[in-house]
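Common to both upcoming complexes is subunit A, partnered first by subunit B, then by subunit C.
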Partner chain A sequence: MSGNESKFSSELVAKVNELWKRYPHKKAALIPAMHLIQAERDGWFSDETVADTAALFGLPDMHVRGVVGFYDMFHSEPVGRHVVRLCKTLSCKLRGADGLIQHVNERYGVKNGETTQDGCFTFKHFECLGHCANAPMMLVDDEKHLDLTADKLDSVLGGLS
Partner chain B sequence: MSDNGHVTLTIDGKEATVPAGINVIEAAKQVGIEVPHYCYHPRLSVVGNCRVCLCEIEGVGQLQIGCNTLVRDGMVVNTTNERVSRMREGVMEFLLINHPLDCTICDQAGECKLQDYAVDHGSGITRFEFDKGKKPKNISWGDRVVFDAERCILCTRCVRFLDEIAGTDEISIDHRGEKSQLVVRGDGKLTSPYQMNIIDLCPVGALTSRDFRFKSRVWFMKFTPTIDTSDARGCNVVAGTRDNRMLRMVPRYNPNVNDYWMSDHGRLHYAFVNDEDRIVMPTAGGKPAPYPVALSRAQAVLEGARDEGILCVASSYMTNEELFALKGVCDALGVEDRYFLLPMGEGDDLLIHPEKAPNARGCRLAGFRDAPDDWSSQEFGALLYVKPRELIELPAEVIERCKKKVVFSLTKHASDVNIPLTTWVEKDGTMVSAGDRVQCVRQGMVYEPTLLTERVVLDRLHTLLDPAFKGASTAVLAFQRMADEHPALDGLTWLSVGLLGAKLNKAEALA
Partner chain C sequence: MIQETRAMLEFADDPKQIELATYRKNGGYDAFEKALKEMSPDDVTQEVLKSGLRGRGGAGFPTGRKWQFVPKGNDKPKYIAVNADESEPGTCKDRVIMEQDPHQMLEGTLLAAYAVGATTAYIYIRGEFQKSIRIVEDAIDEARAANLIGKNILGTDFSCDIWVHPGAGAYICGEETALLTSLEGNRGYPRIKPPFPAVEGLWRCPTVVNNVETMACVTQILRRGGDWFAGLGCEGSTGTRLFCLSGHLKRPGVYELECSTDFTLRDVIEQIGGGTLSGAPIQGVMPGGSSFPVLRADELDCGFDIESVAKAGSSLGSGAIMVFDDTVNVRDVVLNISEFYSHESCGQCTPCREGSDWVRRMLKKFQTDGPDEGDIATLMDVTDKMDGTTICALAVAIVWPVQSFLKKYPEAFAEKVTA
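Right, the complex of A and B next:
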């Protein structure tokens, strides 16, 4: 319905069309589609992106806004070129996540939710990412880094551009 | 057992035969049992998020929420047993964990479901020893609604109302868990012309009316069932008054007219009732005059103008009883030019009606004609004018072409005889709303004890003009007299019109 008028790239619209085929209702494909949309729109949902998404799905924009607000994987504020999610749930916490958080705060000058001055990465505390056996761990964009130490963390973050 | 789309079930030992397809809350309501609920509303979609309507369904292991459980034939429901009570107490404890318990400064106190259910179903004590969650308070959602995030229990009734009824989709929930909070689109101000309904829908004190808040505790107020007179829809309302001043209007359920809703315009259309500039005594020749003096002056003015002709202009805010009293005066004087003024405006598909006065149909029923767009340049000996509210007025040049003037008005109006009007919350009467429904207005207050209602004043004037005429002593008797005389009202009584109104018994072209 909104294929021709969509504000998104034709590749993205084609992928969303594929997603729609998998579900009985278009609305059911919202979350996987929103991951694609977020990637195309600089990693976050501006009011405009929310409105465009709502138009693509034929939903009220406030419904999309609610989904963005609910899930931590979606951002309602601009983010850096990379997103670093450091797990702080039980296993990681017991294995030293607090120290790593403090290390990031001091070394890179960013607290939870903040972006480095050069716009390189946005740092986020995160709830359990499911790698308790290799705690502490973090996710940099889609890549996981396990059994972290301060040194290992620095080498990963230092390699980001 | 099941026939004609009905099912029979047992609720708390009472057998009930109810329509198939309704839920347990509605079925229980039909046998007089109230299942507590916050998020459920009969006109909104079921979300089942407050969990307070948990009921036990025999044969089903877990307790089920009454809002999302449809009745089945032979179902046995317990809404009050020990297990249900314990569970409900638990739900109340969770709902109250982060509640600020600021009832003493909360406008909702006295009509708050959180208070009611805490008393009925709560344990009365808290086991929560930690700091309560903090959220923003006193957030402005525009000039009508004020939001308090700490009091909100996230039932989403407001979200669903604006999605499903008003259609503006303006509210959403941001974040999740204990951080969840309602947000409004864009600059955070609501735009719907029906937004104030979310204040009534809100079961707690999270949404309050900027117009009403802190004006009065509800238990000091008097509530009168009447109708909204801002347009021809005649939404059924409850008028809240205190110390003979009008403080608020909220919609009253009427499935034939307004369901559970009303427009903000109607809700806020009452400031003129409390206007300090209202006149409370008639004047004759510009000087204050008791009613008998003013009325004999009016009699002299009108009788003296008979030969030159009299122009009578009624107001579409008058009740039928008043219009028929005015008609009697016109008949006694032989007035031929009888018109009424009707302000027009924008309408919509939901409730807002383009006729911005409640009783144009009543005017037509009483034989008054729609005022012409272009008044003729005819001159009259006298004008008998019932001035409508601020929205419309008789053009000044028409008034000038009448030598003498008898004017009924809310505020001072230069004329030979000026008689105070009363507003619709100060009298009993009937009006004919859109769809030719006869509906009652009821007296909820007295602006000043000195005031007489227009019906009484007009009947007295009628008696002066024709000593054989005797007015009815009450509006109810006036209605009965009118119903006996007029075929469109034949068979209707004050009681059959009642709280929900009744159709005119034959289709007359009144629209």
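Right, the complex of A and C next:
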């Protein structure tokens, strides 16, 4: 690939160019850029997206693949239109996270890491999401939902399309 | 009754406090302006030393001393990395500062940069905190437009840029050297210390890593004086501190409190937290996140300060007080804790990578079947061998709680006797 014809949208490339200015070495912008890239590429890193990212940064594919695998927010498999992250760590567990997990399993037919049949959302158990005084809680994409009950959870998930 | 002392959270309930105009009206950036125009960098460090401030990230290292480790002179650029990875279970306080008073963190960051001569600061915010990221980025933009961040700040020859750097979901990146490795664009592997980051951090240049709340304290100290801060709390635990109360409590929340030897950890749990929600007796407390030993219900009458809780055998750590009552099985509690650490082990050191998962599997077996004869001794032996054999402290963050549960609740881990 030649330097100036990236496989990504010009908006994305412009944003990555801005990110590069913040660091003495381009590589440091990798993780911030990967958030933008994942959003542009349907929420996950296919082999092709890994290769395109590596080319954009001049890094080996393997480096990008390693980063995808290391961080829980990057996905190496397709995900639904939304990602639901339910916190399962101690404070949330003590306030009923296990019951909510079971509720999601039964009502929506998805276990940890699975996507609903209609492709609406991928369900993930997550470790501590930092809202322990408002437990239990979940993130739906970027939005947080606190002091959850099964009813609240249903009204949020029921509203997704 | 124990009362909150609100300094950092004085204006946090005003939704307009996130805007620069309101922050300035409430005295914001006055301390920074004064420092730039009337104080030398060393004066700023001296004020922080005088305050007795100890870092709020969990280890409690004296902040002024850390800054003094930064080499003088300008052979290499210097950096500040603000630790906003906030992922220790039970900890949810840095987010309150970022979402409700972000400039207070930025002002402290600028003061730290001025004190050590750093020209760039990165705020490493965990990727899941999208709301914090948005609010802090907006605050930086406003401060930059007002020439409080950037080149020749307020007409002086001090320049410093600040950028938000989002993480992407990995507890280990809260460990300061892993944070730096991650910020450089890698998997978040911790590095061997020494060299400490203050001497060799980002791109092998001197880097001060401080927690978000530490930076907010720096703002308070320069605004109200090191003596004022030192006069709050008690010896060894000066100032005010954000405590996160969670678990089976009537009033979970983030509270700004002074430490004291005049009241106890139990008093805080009862008077601030309201006791247990169900009224059931307390069974145990993790007083500083889940990385330290558990305290049993009969061990809560220690003073409420770093020293006293350490003497009681645990730690105030990151200020995360998690309480569980006797309706929960302690086998489930310790299993949940081990699941966290085995998931979050970065995989670099064998004792932690293999050990944490082995411990988790053993505790899973205990949960369903109970321990067989000899299991507890084996578990103690394996965890002993994880202690002190790894690059970072994540391994002991599983060893300490697990061993403490086995020792303190022996009835829950009674071995089956085979005839």
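The rule is simple: the second predicted complex is superposed on the first by the 158 of 161 C-alpha atoms of A that agree within 3 Å, B and C clash if a C-alpha of one lies under 4 Å from a C-alpha of the other, contacts with A are read in each partner's own complex, and residues count from 1 in each chain.
Everything that follows uses one rule, which is that contacts are C-beta pairs under 8 Å (C-beta built on N, C-alpha and C of every residue); 3 or more make two chains touch, one makes a residue touch a chain.
Worth saying up front: this structure is predicted, and the values here are computed from it rather than measured.
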Legend entry - subunit A as common anchor, with subunit B and subunit C clashing or fitting: clash
Inset, instruction - Examine A:Gly66 and indicate which partner it touches, taking first as subunit B and second as subunit C; both and neither are also allowed. - result: both
Inset, instruction - Scan A:Gly130 for contacts with subunit B and subunit C and give back first, second, both or neither. - result: second
Legend entry - Chain touching more of subunit A, residue-wise (subunit B, subunit C): C
Legend entry - subunit B versus subunit C as contact partner of A:Ala14, first or second or both or neither: neither
Inset, instruction - Could you look at A:Leu146 and tell me whether it touches subunit B, subunit C, both or neither (first, second, both, neither)? - result: neither
Legend entry - Those residues of subunit A which subunit B touches in one complex and subunit C touches in the other: 63, 66, 70
Legend entry - Touching residues (chain side subunit A, partner subunit B) in the complex: 47, 60-63, 65-66, 69-70
Inset, instruction - Write out the stretch or stretches of subunit C touching subunit A in their complex. - result: 77, 86-92, 95, 126-131, 161, 163, 165-171, 182-188, 203, 244-248, 252-254, 286, 290, 320, 322, 324, 328, 332-333, 336-337, 339-340, 343-344, 346
Inset, instruction - Under the touch definition given earlier, write down the residues of subunit B that touch subunit A in their complex. - result: 159, 163, 169-176, 183, 185-186
Inset, instruction - Please name which positions on subunit A make contact with subunit C in the complex. - result: 22, 24-25, 27-32, 34-35, 57, 63, 66-67, 70-74, 85, 88-91, 93-95, 126-135, 139, 142, 144
